[in-house]
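Pasting the structures in now, so scroll down.
Next, two complexes with subunit A in common: one pairs it with subunit B, the other with subunit C.
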Partner chain A sequence: MKYYRALSKTAGIVIAIIIIIGIAAGAYYYIQSQKTTTGKLITFVPLTGDFHKDIINVGKALEQDGVKTVQFSVWSGGDPNSVMRIYGIVEAAYRINNIWKQNNINVEIKVSTRYVSNPNDVYEDYINKWSLGQAPDIMANGYTYIASLASEGYILDLTPYLNNYTSFLNQFYPTLIEAMKWKGKIYGIPQDTEARPLYIRKDVAACAGLDLSGLAEKIKNGQFTWSDLYKWALKVKESGCAPWGLIHRKGSAHPDLIQFIYAFGGKLYDEKTGKLVFDKAAVYKWFTVEKTFADHGLLPHDMMSWDWAKQIHPTVVDGKTLAFIGGTWHWFEWQTKAYYTDPKTGQQRPLTAEEVHKFFYYTLFPSGIKGKHGLTLSQPFAWMINSKAGEQNPNYDKLKDLYHELAFLVVVKASDPDIIAIHSLISGHLPVTKTAAELIKNKTWVEELKSLKIKLDPVVLNNIKGIIEKTVNPINVQFLANVTYMLEYTTFTPKHPQYPKLASLFAEALDQVLRDKMTPAQAVNFIVEKIKADPDLEKSVEIVGEIPQNWTFP
Partner chain B sequence: MMSAGLRDIELRSRRTELLLVATVLIFSIPLILGYGLLILSSFSKEMVTNLNPHDFIPTLRNWILFFEGRTAVFGGIRVNIWHIVLNTLIVALGVSFLVTLVGSMTGYAVSRLKFSGRKRFMALLMLLHAFPGSVMVVGIYFLYLMFLPSYQLVRFYSFFFVIVARASLEIPMATWLMKGFFDMIPWEVEWAALVDGASRFKVWRKVILPMVKPGVAAVMLFGFLAGWMDIIYVRTFLVDQTLATWIESNINAEYSYLPLVAAAGTFYLLPTIIFFLLAQRLIFTISATGVKG
Partner chain C sequence: MAKSNLFSKIKGFVRSDAFIFLLPAIILIIVFYLIPIAVSVYMSFTPLRNWNIQRYIHEFVGFENYWRFFYMVTHDPTVQPIFITTVVFIVVTLIVNVLGGLGLAIATFFMGEKEASGTQLLWLLPRMTPIAVYSMIWYYFFHGSAIGTLNSILMALGIIHHPIDWGQSIIPWGPWMIIIFVNGLVGVSYGMIVFTSAISNIPKELVIAARVDGASNWSITKNILIPLLKWHIVYVTTWQMLSLLTTYDHIFLLVEWGLVNRYWGTTWALYIYNMAFTAAEKDLGLAAAAGVILVIVGAVLGLLALKIMGFDKMVKEPRGDI
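This part shows the complex of A and B:
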């Protein structure tokens, strides 16, 4: 006797339809993929170093291979003014599409973008998505990531391409190209860089009777050191001109404070062994300087946990400190974000360019040793190309090399002087090529940019015109020109995969010192213990030097 | 009414009841405060998280910026926020649908059918639920790679995969929950339908399911919340962004305009509240059935 049926007729029909649709879809995509693989494919075009010629050859090859559209994606992150880190690629694609159109090549590059606040998030997402074939084709991110990405094979070795593009390569500052290398090979093209000036409030200094004339030169030559700055800060505090003598950024991996290690003659990386270096003497001196400032009420004890928007920036722009260890981009940020409390209205608003110029003096980071020149620190951003670039395009397995060449040429185009110069002028980062630096000095071009007469992809122009209107002015142009010399004195953080962990230890220990929970010597020993307790760090860090016994500050 | 009957047998005094409510409220303060400050900050020019009333400067700007898809007051880029909301909804509704469908079917099977290994199967379900999603992500990653389709289908596949993977984590609990509800329905109700010639599937769909609506609503809600809130699977596998990943990637202490992030966070809470309000009538309905002996 039959009690029930397992499946009703309707349900059976629905399942059958789903299976048929699935088979049909599979067959359709199989036929489509077979269509594009017929005929002889051009899988590679020898690069000549002549961009125009190469891009036409690649375009023709793609057209012959039956590719009509190339999809590329670009990801980046950072402050809201640095959007050219993605729009640079959009603009480059627009220019290449125009070249192809003029040469009757029926191929088009389409670029999808993703830009977020946190560049580290972009890096982590890149790693997550790489194996799945979902990582972007091009990424603009900090050069420090090159080490881990290159060692895992996640990004393309650009050396073979650049061997044909030596004149292109020579446009960049050599130190920046060095920063793009990992084990002797070049894995990135510099996108931007920056300097970290020491900002000094002109009005606060004047109030305390401090003479700023020639200070930048004295710091450059090592005649004015941290001991002198401490004395100035003390004078400011005693005369009641400002509640603080020094304010700086916070966080775990911010390299601003690492400058202290270099300022006291220390180092962070040993080129010969490829290991990180923990220089006990230099770190001890750094902690001692900060502790002395904090003990005398010149630096907040809780500096490492201050709020950016409510405490750090308002303190600086409202003139409540003599000095601030910041970055070139802050000059622009203060003009776009409402950190300043207008004394007349009591309302918060951004500073005008004139006000920023009126309030701030800028110089290199002072040395800790008399006679040793001042310094700065850069963390250049790099264009990195996915080692699977073009994977989301037809016939990738066969046309891989061609897609890689195209991605490289897109990055070459994104390094056009005007694209780099626009990024510098709207974000406060420094140009990475000499030609872009020259362009920034060209008043006619700057005027064209300001009046939005410059020829750009309408999408790009529409997205950045608000930033251009607000930031492109003679004062900012002059600022960029004035700080570019700092690149001659620049230092870098190590490109070592374990460096972020070590930097976090520095921040943790410094916080304890500032809060008076550890002496500088205890903090140094704390870091040593932590390094020894972590197998990865112990393997990667070389501990050098000893805590100096007779050294005092100031 | 049943609720009036329950009150009659309530033995606690009013004072004890008030004390209990007050205790619960006190322990809930951090939670209520957290959500309250988030919502307040979304309408303020500055974050009010440090409990300073002077920081509350009323504005609607954060919400306007959010709906414009902006990531900053000035500069930044614009995204299609509705596209991101749609992605989140697809994942949440997909997970909810799959969990409800499979959970209620499996729950029915383990409640009503006798098959070998049934008890072991039940124990295994419980064991599966004990594994946190983050532990399984490595294995699921390999599964994802194993079935990776051609590039044209990857986007669709990533949605399908995230929904299936995320739902699979919720199904064991849903099955147990639904089994409990099915166990309460007398066998005779079902028997009558089977004798009348209905298939098992028809009985399940037309006779039994309507009687366990609160269970179905609860499973739907939990499934929806699991999909809506998920970040690990979405971040690992989905090509597109959802609200969770979009908010996360735009939180940066130095660069982010946090009141805008607060508006996004408040918006992120809304569908959950709405879904809960719509489903609560069903969830808190007590279904009583019986047969005449």
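This part shows the complex of A and C:
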């Protein structure tokens, strides 16, 4: 009885009135937000493939529909120099707003951004928040996520839009467009790509009497293989020129090492069956090469758990190894992060562009088979558009298609050659279009960029000018131009949703091999057992080949 | 008859003062415990992936997720070390947490007020430090190369001449030592707080009287403090055991960064996490099935712990002849 007395009649009435007022206010606000215009709404504008015309048509349609502001959000992640992965969209919106202004269209795109250090966190957040309608409208992230995002219907199939934009599509390197596909449809627009060169210390090689002239060409043609590199590393160690012959990145950076599988003629994905491939022979050879290096003290036994900033990079930039399996972005990272210990002062500092150029020779990843060309591996980033893009904007249910078209056109604009070229020059990633690659070679334009005379959204310019000052110089421009050829020899990791599981098994097994806890054959069988222990993985992976009996290294 | 009896009992309870007093707690338990458990059980029977609730929530796959879970556990070659590690981790860390917390609470009880609060604050630091930062500190401390603080100290003192890879080369003791140390240090503070607040509620007259009779710190501890902390010891032990069964955050980072061996440094909760979340596809149906099994295991262990520690006897009504 006390319960009923606890709330007096008057208090009950007051609470009920407050609740009713709240509900009424909410309903009124909702009705008002939907009532943005009178008359018939334009819900779709046929795209012509002429960007200028299309963006004006979309702008006019939005204006007529009573939309004054379109809110878009963009998320991405990566190293601090790669911020154009979000500012590319901000810049595109700025350019579109200017076009609309010039054509007296009273609509504006406003972009909110989020950039974090780990792109995987962006992906995780995206899938967590998609159902809640809180995922970003546009995301720049690794192409490997396309498979799971597309299969869930989380991202927009861009094929119908691109059917009208064939000349736009043809600007991109065809291999990159292939990487954007899932089940024959295109779900992303390439944002950047990279190559993973093998860096060789010029000073260490000279100390051991090794001749680097023409090496890149020999590796490209398959005349210099991993057996040759092993012999070089041994010579360096024996002559005391460096404590290590080879350093590579740690466990979480397995894509670098996946190159070994391709170098030994193996594959990771079967296009016909759509399944992942575990090639026992190629993986066995990879493990054997690394074990041989480790057994002779040329590669650390605990390589897979080395610390990035305190061990891996200082060892490389201080010249304590002959070779390093890295990425193009490292060329720039060594110039911005203090990994190098200056022999004169004993202090750590970044290398200068001149020093990086003086110390490092770069080439493709050597083949494991004589006569087979060298290779590299790319993991392009893609602009992906949320299948609910524009959801935060007025009349979304009716204007959905129009918002999607606008999001697509924003991404088209973000692929302007100068936006791609700026991203490449400040982050060390390779341009994804031929026109951007040409622009990088244009000295006048590069000079304008360096002196910050280039026309950009002031917000964007303000956020990247510090990076431009540090990274844009003739040596880096030349580096990018020199490594772009590697894209012709590039390979990719599979886009299969189960691939990360398989990749982490590779890293796990290799660690055991390097630490001498498993032989290469045991490690291969261990992976087979692990695949078979997981019903999903077992269904997704074809196990092919056998451990070779008479194969030896070097 | 029985039904109407039960109904009238419920009706009576709802109308009672006890219900009004318990209502906030009942709501919290329903919202934060019962509903999530019910949702987890439901999810475990669906093929839910990648948080795509709209697509999968109405699909029903029966016991498939449970079958997959048992299949993986029974076929995985790395399960045995993980299972042994989990048992060792829970037992040893639990002892460290409970005895450490109790020891600290009693020690600070005999200290001056300033020293006591300073000591308590110091022991709370591991719990206050963000997980990534805290794990990073111990990552560098136990790092297996010369950059590791422990190795540097031992080498500087001339005790060792080459760095020791504590978490990778001394199997299984090295990784066990690290994960128990890192988690134990965090867990101790919880017991300390509970025991300290319990001790502060013990009537001071008992301690003063004992002092007057010439009792030492040890006999005060043995004869007054510990017997009066029985309830709290049971609570902290059960709570910490369940917490250790499900914890994986610090261990995840230490394994991921390569500080400790992947098999002899992984516990059951982390194994389940990796099983469901390593792929780009987030296998939430499988995770929910594993979670339900973990809840059952936790409930059984919790009941067992209460039984062993004589919880039944403690809740018996007093006989009134004391």
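Here is the rule we use: the second predicted complex is superposed on the first by the 527 of 554 C-alpha atoms of A that agree within 3 Å, B and C clash if a C-alpha of one lies under 4 Å from a C-alpha of the other, contacts with A are read in each partner's own complex, and residues count from 1 in each chain.
One rule holds for everything that comes next: a contact is a pair of C-beta atoms (placed from the backbone, for glycine too) under 8 Å apart; a residue touches a chain by one contact, two chains touch by 3 or more.
Please read these numbers as outputs of a predicted model, since none were measured by experiment.
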When subunit B and subunit C are modelled together on subunit A, clash or fit: clash
First (subunit B), second (subunit C), both or neither touched by A:310: both
First (subunit B), second (subunit C), both or neither touched by A:533: second
Partner chain(s) touched by A:131 [first = subunit B, second = subunit C, both, neither]: both
First (subunit B), second (subunit C), both or neither touched by A:121: first
Partner chain in contact with A:501 - subunit B first, subunit C second, else both or neither: second
Which superposed partner A:393 touches (first subunit B, second subunit C, both, neither): first
First, second, both or neither for A:551, with subunit B first and subunit C second: neither
Which of subunit B and subunit C A:148 touches, first, second, both or neither: second
First (subunit B), second (subunit C), both or neither touched by A:28: neither
Among 44-52, 62-70, 170-178 or 206-214 on subunit C, the segment whose C-alpha atoms clash with subunit B after superposition: 206-214
Subunit B and subunit C footprints on subunit A, overlapping residues: 3, 6, 128, 131, 251, 310
In the complex with subunit C, residue positions of subunit A that touch it: 1-3, 6, 123, 127-128, 130-131, 144-145, 147-148, 152-154, 250-252, 302, 304-307, 310-311, 497-501, 504, 508, 511, 515, 526, 529-530, 532-536
Interface residues, subunit A side, partner subunit B - complex: 3-8, 11, 29, 32-33, 77-81, 83, 86, 113-118, 121-122, 125, 128-129, 131-134, 249, 251, 308-310, 336-337, 348, 391-394, 396, 426, 463, 466-467, 470
Footprint of subunit A on subunit C - complex, ascending: 15, 17, 19-20, 49-55, 68, 71-72, 75-78, 143-145, 147, 165, 168-169, 256-259, 262, 275, 278-283
Contact set on subunit B toward subunit A in their complex: 45-47, 50, 55, 71-78, 141, 144-145, 148, 150-154, 158, 194-195, 198-203, 235-237, 239, 241, 248-258
